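Labels run A, B, C and D following the written order; every chain starts at residue 1.
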Amino acid sequence: MSLTDMQRCIQECQRCREVCLQAVVHCLRRGGRHAEAGHITTLLDCVEMCATSANFMLRESMRHRRVCEICAEICDACAKSCATFRDDDEMRRCEAECHRCAELCREMAGTSARA
Amino acid sequence: MSLTDMQRCIQECQRCREVCLQAVVHCLRRGGRHAEAGHITTLLDCVEMCATSANFMLRESMRHRRVCEICAEICDACAKSCATFRDDDEMRRCEAECHRCAELCREMAGTSARA
Amino acid sequence: MSLTDMQRCIQECQRCREVCLQAVVHCLRRGGRHAEAGHITTLLDCVEMCATSANFMLRESMRHRRVCEICAEICDACAKSCATFRDDDEMRRCEAECHRCAELCREMAGTSARA
Amino acid sequence: MSLTDMQRCIQECQRCREVCLQAVVHCLRRGGRHAEAGHITTLLDCVEMCATSANFMLRESMRHRRVCEICAEICDACAKSCATFRDDDEMRRCEAECHRCAELCREMAGTSARA
């Protein structure tokens, strides 16, 4: 896997982290079902795992593949949680970002065939 | 300032971070005013700043004093936000923890006279 | 798994994170083989993964098991890296802490049989 | 201050964080004076403070100004540490990035006149 693939994945993790953290604030402001513990926790999980994943790649850690594998799972869960808010553009944007991040993380993990 | 003072401050930052992160989950579950954006954001600020502050001390960074100074301010703000929930034991516990952490951080910062 | 098991694991992750971050400073000061990129990076991996793992448990995230599973692997790798410095008490202490953390994380992950 | 100014500062903090973390790996590989505890610790301080600062802005926290103020100081210190390695392009790049980040953080903090 070329350096360029890793750099694309790092950038995507950063972007996904950013979109998910902004989504936390958006959802808390909307209130109601948007602010339920399960959804906000899932967004915070994604914020943190994307940061961890990006940092493992930035450190060129030998163990970044396993971390990217879990990051993809966390992103999938976050996309699924966002997908339950069909009429909210912010949630659709967050869902799309999480899908993209999950895909690139799976490529980094070398598990795209399994996906 | 002895090593023991710094270690007490590190431990307190870790504990405050932990109590505030558990408070986030508690407040989201309670819902209503507990789950308002301003309060949850203030708790998340405190979680992050306590971690940052502890890490600067663990790295024995020359610049830990300034970081502890800000951490004390963030803890004060969090204590104040928790204090608005008078009938909630979790919030009172979080408020007390934030006060303790603010006090120890101010001692580390060498700004206790100003406080 | 009882709340007490999770709280023990959270405490252990915090302690391991702390010991590993102090080990980074120790190793950089010792210099030579202690300060090699591979070893320091492995310590920083462990610092970050233990924090992530503790946070997933503190948020009572549904996905904490998978994160603990990876955390155990990162701790194993860190223990192994520390074990190459036989005559250094700090490294032996860090190795022991990483072993303990790996064990508790594997229990949380429900993968102790495989370990 | 417009949203655009804050978004520029968030992007710059992310970029600075990334460049500084890659610089840690670079310096550890170079070894010698590059891998001294003071320099590596300063880089790690900058990595962490830039992340904290970006997160406060992403959460639209009321207290982001004070955090940006300290972040600017940490970036200044990191730029200064990098500036001692005159013949190393990576260090010059990191120095330039830290200067840019310090400047934008000071603007956010509303302290640019004092700088």
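Throughout what follows, contacts are C-beta pairs under 8 Å (C-beta built on N, C-alpha and C of every residue); 3 or more make two chains touch, one makes a residue touch a chain.
Being a predicted model, the structure only gives us computed values, none of them experimental.
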Between chain B and chain C, which partner chains are common?
-> A, D
Report the chain pair from B-C, C-D or A-C that duplicates the B-D interface, where duplication means over half of the contact pairs agree by residue number.
-> A-C
Considering A-C alongside A-B, which chain pair is linked by more C-beta pairs in contact?
-> A-C
With chain centres taken as the means of their Cα atoms, state the distance from chain A to chain B in Å.
-> 27
Please report how many Å separate the Cα centroid of chain A from that of chain C, as a whole number.
-> 24
On chain C, where are the residues touching two or more other chains?
-> 24-25, 41, 44, 55, 59-60
Could you please specify the touching residues of chain C with respect to chain D in the complex?
-> 24-25, 28-29, 31, 35-37, 40-41, 44
For chain B, which residues count as touching chain D in their complex?
-> 38, 41-42, 44-45, 48-49, 52, 55-56, 59-63, 66-67, 70, 73-74, 77
Complex interface listing, chain D residues touching chain A = 10, 14, 18, 21-22, 24-25, 51, 54-55, 58-60
